[in-house]
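Next, two complexes with chain A in common: one pairs it with chain B, the other with chain C.
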Partner chain A sequence: MTVEQRGFGVGASLRRKEDARFLHGRGRFVGDITRPGMLEVAFLRSPIAHARLLGVTKPQGAEKRVFTLADLPGIGTIRANSALPGFRVSEQPALAKDRLRHVGEAIAACVAGSRAAAEDLAAACVLDYEALPAVHDMLQAPLPDQPLIHDHWTMNAFLETRRNDDVSGLDAVAAAKVTRTLRTSRQCMAPLEGRGVLAEWDPRLEQMIVTTSTQMPHVTKTGLADCLGLDEGQVRIVSPDVGGGFGYKGILLPEEIVCASLAIRLGRPVRWLEDRFEHLSASANCREHHYVITAWADKAGKLLGVECEATVDAGAYSSYPFGACLEAAQVGSILPGPYVLPLLRCHTISACTNKPPILPYRGVARTGVCYAMETTLDALARKLDITAEAIRLANLVPPDAMPYRNLVGKVFDSGDYPEALRRAVAAFDLDAIRARQAAGEAVGFGLATFCEQGAHGTSVYHAWGIPFVPGFEQAQARLSPDGVLELRVGVHSHGQGMETTLAQVANEILGVHPDKVRVVHGDTALTPYSTGTWGSRAMVMAGGAVAEACRQLAGRVAAIGAALMQVSVAEVEVADGKVRRRDSDVFVTIADVARTWYRAPQNLPPGVDKGGLEITAGYRPDPDTGTHSYACHAAVARVDVRTGAVVLEDYVIVEDGGKLVNPMIVDGQVMGGLAQGIGTALYEEMPYDRDGQPLAATLADYLLPGTTDVPDVRLEHMETLSPWTTFGQKGIGESGAIGPPGAIVNAINDALARLGAEVFDLPASPSRVLAAIHAAKGGVR
Partner chain B sequence: MSRIAVSLTVNGEAARVEVEPREHLADLLRGTLLLTGTHIGCEHGVCGACTVEIDGVPARSCITHAGSCDGATVRTIEGFDDDEVMAALREAFSQEHALQCGYCTPGMLVTARDIVLRLPDADEARVREELAGNLCRCTGYRGIVRAVLHVLAARR
Partner chain C sequence: MKPAAFAYARPLDWSEALQLVASGARPAAGTQSLGPLLNLRLAQPDMLADLRHLPDYAGVTVTGDAIRIGAGTTHAAIEDGAVPGRTGAIMAGVARRIAYRPVRNRGTIGGSLAHADPAADWVAVMPALGATAIALGPRGERRIALDGFVTGIFETALASDELLRAVEVPVLPDAVGWGHWKFCRKIGEFSKVTACVLAVPGAAPRAVLAALDGPPRVIADASALMADTEAEATRIVSGFPELDDWRRAVAQTALMQAVAAASQP
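== the complex of A and B ==
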């Protein structure tokens, strides 16, 4: 560890303020909250991937407790458009109208006093539909012979993008060329807490109060108001403790719209809690990519160009607010990775299929892209007979080129990418691994290097033209009469520990002890507008905004404190929770200042700032093209060539997230991301059959990594400050989930190299590894 | 629907309740008894979020019929306030950053406490194996494993 503990401010591995309530079972999640007279909802969901919906026969006597779209007139459809040329926008009804487009799509809401009774109602409904052929294969989907999922479209694709660099001359000059066809599986994000919604109408305020498990309460508010035809003052979103999100809780839900509408109609609080079966069968909604990628390199391994045909299975609808094309369209911009790449030819398709709509999962497209690029680089290295380290060193952006603008216009802010690689490699005894290989052991070493753009803002997102382009982030800092500092932010923690880290930021500026700092978040009525917690942006954006608000507050505190000590402002400083004379030990505390403002205003100096001790300040880095954290992941994998089982023997991450506000929490983010990345690499897969039916209905089928699957990683940090952020901090929340598939499969392929076998598709499950070995034995590919 | 009368002791207090035959213990605890510290992550016995102690042994309350708990003694995360081992685990969990969203935490703690009491000599591999029935989607387990090992070591 390179970080010293210092006090309670930025850089301290402070224990989390929020821990106590969770450790005592006092966390408050949506499912823990009830209201008098509350009704529970179970959804009747589509059992079929594609069909014309002809009707729903409600159970006799319960007609008034089952609601189809026709019973909820006036609620709007979800539309997430994009300004990218050629984007086809979908209309996602809150409840299916006349078409069913994926298994699990909600058709009717069944309402009862208990969830069990509501499920009974759903089970008693009779569904009438006419099945249509399911579009289940993203490669077939856009072809002209496929049935159209949205009738007015001309093909089953939300968007195609192209970059057309001329790579036709590379065959003639390259020392090596490789082509790989690669696939990542469809995944479920599977936070341990599912989604949940509790909607209630407050007749006094004429306000819809929706308590919902979301990462972005304000965006949900705007989207919900729009779909309900309410003004935004009539919607308040409360997001209590959120049991993990990872992107899954970053959208507007059809279920939120339906519950809110029901609460108005019925005059009763209405709650829906997603169960695991719903999650797995109706929300397998991330990661499914397909690549045909070709790379050319010279003798030293230097990349001459890359050509890529990428398809992403975007599912049936464009989700609000990020839309259906974020993932595929990002492929083209992320492919160069941390490397100097002279030429890129890339065609991407966001295919529309009869599967749940795609959502951005931790790492978004980076995990798949990193997998494609890193395994392709290793294939090149094998062909050139150079090491995996050498080919990366030949291509990584060197530190003296920073800040570096790459060929697609991404600007890397700072860092020493080759150093991260060198440190990771130095952490292993490679000779020992080579000796084991020579002795016939199927053990291998694999690397993945990548960078993660985080906290990118207006200048990046306006080009996407999504419904929410992030702008300035605001934070409110206010002192209460007893000197407690309240921070109000519109981002929302779902495990990141922001109640602690933002208190550390305030401590850094004002010196107020973190115990005396209260972070208020997760309530649109109490916090400034924000696009929320996503895109590894919270610590850069909310951290910057809190710092700015505290700085301005320090100015006001200093003015009052100086007056109380009868000296000029220039003679005092604010530190350690005090206003102190620079030339002596005389001070007044911030609490004294607060007491004076609120309770003894007769002692305030003339001309005092009438704004008092409450500041709303805004922040946006300049430039706002995003921070780039980066990392090298290195894995040692052992393969059992008889069973195909893979064991991770060792794993090293060298990571640079700039200034680490709380190193302990950063480690936790990296570790958690790593576990998810291991899931992507080795275990997690939601297979669909030819009828578009999801085949993993329980957590015994959909395998999440457990304690024995995640090794005790060695984690090392570099701390190259970002020149563009308040403390030099960089967004790092997604990083851990990006590198593992590349590093692990490279290690597997290294282990299998002597057999001439290579794994192409994720997850590298025992059956896929065995298939690769058999294919090599049979001389196939 | 017919209901079953059940008398049980929960966190030291007697409770007499009527449950539906299909009701599971986690719903009884969370719903009727307002003990929401026990969490539900899958309702099919895989994730371990709902782990409570039944008659002194960790068990999954989501696959335990409430109706079968007549006479049982149940302890949930809310019922360990006087427990020394739990206090040490809570301290260690915080110290080792063994929780992020906190959703898996109550179930983890109940399982962890059982490991500490039952297997005082457990090493890391054994602790990992014993914890394998509790899923955490946030932490990558390192902090959790370290916290349990820490408490085990401190008791030796």
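== the complex of A and C ==
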């Protein structure tokens, strides 16, 4: 459908309604919330990666303020099982039972009046354990000589998957073949606000109220009820302002279970706030991939096939709800990227190691897969002596093939992928870059093209074997007596600007001014069930559900309005916040309708629609295989060949997110993603030593990009509507974080091509870049 | 990340401060390094002696050819021109690149030197400028050349009952050549390698290579480095076999860049 652009509706770059409170420091996060009599919790955590836990000696006199698993009987273990055949089940206890499986694993909860006093208790506990050899390397982990992390398993792997296309004939016919071994580092998601939990038992409602920093409150409710042995009516999750989610706040935390259990046991509210040391040392939980990838192409650069052996370091446990295999399962299905690929042979392993359990970080597996595919494509182009642009144009799915079903069954809904590439390249003076190269300067140009499946629904998640499957998204639209429209949604907004964009959707349908629209989210007691905010789904799913609820509400409002004007429903329409007669200027406002319905019903005829002015509607796109936004990232990087330091000189993103509900907010999303992608590309790395110890436990060692490290990106939008969604919108929230490693390392490799040097591992730190230069000088590759 | 409990003392005169230190109190200045150590519980002193309220703790006085900088003078004050002349201009340029302004607003030159983090900027720059530490102990003031003041990682020549009271730097002529080059992964991060070169007309040039996980390496007569820079830089960094290849390569670059800057008219 086509949507015309108007003042406050879909497509308007409306300033964010939520910014007034954030910019004035009036946001309300878990750390801002206290309760009378509240106790603070500090966790005693494992100092060792792998050990048999023999016992905990509590500080003398404080035995009743330190809780181990044995002190909290009845709480369940976290289980997130994949339905895929061959999956090995891990049981993650809320507190370690008899085994320690990663540094930072919670062992005991220490409770005191202040966090400092609780930390004193934790420091005074004495641990008795028998160290076991740590499994720190995902490539070695599955080998038969490695100690088993879960005793009943046969190897340290959650799952292997295979796709067995026959690529054996390609050597004979290909004009070029390249093989690359690539690695991406383990990262922390590092949201500005860490996790935080405040649990209190309400004896009147017999309800556990957990205020927690989560992006998926309803899923947390389900998981928590299960682990506590409560029914779901006895658990209410409140998620107040959340300072960045990125996937880290999409899981059920052991700490949430423990805090809730303590609150019941102690009869007092208890709170735990994750600090930065805990986050860095106990939650390095994303992005660590290893690829051995081979690609064959004809002389025009057209891909003939790809073979890939991918390993993902999934850590020690399968976390709830996404599980340990989401990354690797995606590797197999997203390797073809935006390209026409005839053959794919792929073996993936979700390796189990003594590290924190892997979680899906913004972009999930796509960031690593895009890096592997895009750097491999450039290697092919160099071998064929064609440009990076040419090899991509030779392979991108053409617009006239849309909707396009690729070899792994993904259906791309719409778009002009080659045009995005052409526009990105046209944004640069490539001749000037080539001239600088000819003059000996180590400057380079790099590209990455990709598409991003978002808002994928029931069919996709069912096929991936993920332990929860999203269905219809629900939203509630309700009018107050004064005409204020309240939208209640089960997704959570924590940077996405949904308090604004969902109001724009309502405005689009009903014409109610966004100032008169309140978006209520982050409380399971107030909102309809939803799987939450993840997978670039909220604007498609909640946006579609809000539109549907508003449409149904418009029907009710029209009926009442028509009755007030004493005409038939067929003679009126709802627009601009009014019910208007089609044939004249006569109208009543939606506020008039609401006031009459609630406060002066005597003015309505007895036969008027009795359904009322609160609508809960469900929505799912059809088909629900997901929208595909896509982008071309292009970078210019300059390398200091003496130190290996890289400077990003310029960065362009051409992006197509379908109909942009609020283009300004999309710009912000893409820029934020870019900053995180630059972190992956150049800075962020949690190294582990042979004993499984994390080596970057403060932000002095774990480098995040700062404002001066993110260039002024030039953003360009295309708007190809998705044929399957309400307004043609596509999921785009993760996109910015996907392309940067591929584009930036391709730019670095272009800069180093004259030296014969190439970077393989992320981040492309100065030492790695310089090592690549030295290796090329020494003739060693 | 909350500190273990400690007592807090705020001495108002130097003798009281010395008594507190002698009894085991940990001196605290801007706490920009000590604060995180306390929070991480890597430092667990029984008592902190907050030096910031001592008389003449901060401030700059010029006497003849020497500039005396109170230990409590902040990096920000130096950045903003508290130290006069050519010496002050050099120091302002260094101060401007210490961490971030909020850190510079509280962090002090004396605290940084006494803390003796090998990667700290003044640890590298003060020996190059030929500075002298003024230590105060039970027996009065003692002068310690900055060349040799930092003796190891977080170790100095200060005795356990001494406090760093001031730093004295020479009034440098306008014509000195100065080079200062450091490698930081990001703006504001700790240096991975720092090199400084000071060339005073009529005197032997002096160089310092620092931030290499140990005390700064002072090259009292850097004439050879000035004359045959690349070969001499290669020779100097080969004396650090414990460093990895990258660090040595950057160290060599640092020396060459500092020499180049100091050689400019």
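Heads up, the rule we're going with is that the second predicted complex is superposed on the first by the 776 of 781 C-alpha atoms of A that agree within 3 Å, B and C clash if a C-alpha of one lies under 4 Å from a C-alpha of the other, contacts with A are read in each partner's own complex, and residues count from 1 in each chain.
In the analysis below, contacts are C-beta pairs under 8 Å (C-beta built on N, C-alpha and C of every residue); 3 or more make two chains touch, one makes a residue touch a chain.
Remember, it's a predicted structure, so these values are computed and weren't measured experimentally.
Asks: Using the overlay on chain A, decide if chain B and chain C clash or can fit next to each other.
Replies: Overlaying the two complexes on chain A (C-alpha atoms) leaves chain C and chain B fitting together cleanly.
Asks: Under the superposition described above, what is the C-alpha centre angle at chain A formed with chain B and chain C, rounded in steps of 10 degrees?
Replies: The vertex angle at chain A equals 40 degrees.
Asks: Does chain B (first) or chain C (second) touch A:52, or do both, or does neither?
Replies: neither
Asks: Taking the superposition on A as described, I'd like to know which of chain B and chain C A:645 touches: first, second, both or neither.
Replies: second
Asks: For A:15, decide between first (touching chain B), second (touching chain C), both and neither.
Replies: Touch status of A:15: first partner only.
Asks: Does the superposition put A:713 against chain B (first), chain C (second), both, or neither?
Replies: First partner only, chain B.
Asks: Report for A:698: first if it touches chain B alone, second if chain C alone, otherwise both or neither.
Replies: Touch partners of A:698: chain B and chain C.
Asks: With the two structures laid over each other on chain A, which partner does A:664 touch: chain B (first), chain C (second), both, or neither?
Replies: In the superposition, A:664 contacts chain B only.
Asks: Applying the document's definition of touch, where does A:777 land relative to chain B and chain C: first, second, both, or neither?
Replies: In the superposition, A:777 touches no partner, neither chain B nor chain C.
Asks: Does the superposition put A:676 against chain B (first), chain C (second), both, or neither?
Replies: After superposition on chain A, A:676 lies in contact with chain B alone.
Asks: Taking the superposition as given, does A:276 touch the first partner, chain B, the second, chain C, both, or neither?
Replies: both
Asks: Which partner, once the models are overlaid, touches more of chain A's residues, chain C or chain B?
Replies: It is B that touches the greater number of chain A residues.
Asks: Shortest C-alpha to C-alpha distance from chain B to chain C once the two structures are superposed, in angstrom?
Replies: Between chain B and chain C, the shortest C-alpha distance works out to 5 Å.
Asks: Looking at chain A, which of its residues have contacts with both chain B and chain C?
Replies: Correct list for chain A: 116, 275-276, 698, 700, 706, 708.
Asks: Note which residues of chain A are touching chain C in the complex, please.
Replies: 114-116, 119-120, 123, 275-278, 642-645, 683, 698, 700, 703, 705-706, 708-709, 765-767, 770-771, 774
Asks: Which stretch or stretches of chain A touch chain B in the complex?
Replies: Interface residues on the chain A side: 15-16, 18-29, 31-32, 116, 190-193, 241-244, 246, 275-276, 494-497, 664-665, 667-668, 671-676, 698-700, 704, 706-708, 710, 712-713, 736.
Asks: Give the list of chain C residues in touch with chain A in this complex.
Replies: Against chain A, chain C makes touches at 1-5, 36, 40-41, 183, 185-190, 244-246, 249-250, 253.
Asks: Applying the document's contact rule, which stretches of chain B touch chain A when the two form their complex?
Replies: Residues in contact with chain A: 20, 22-23, 30, 35-44, 46-47, 49, 76-78, 81, 90, 93-95, 97, 99-106, 109, 124, 127-129, 131-145.
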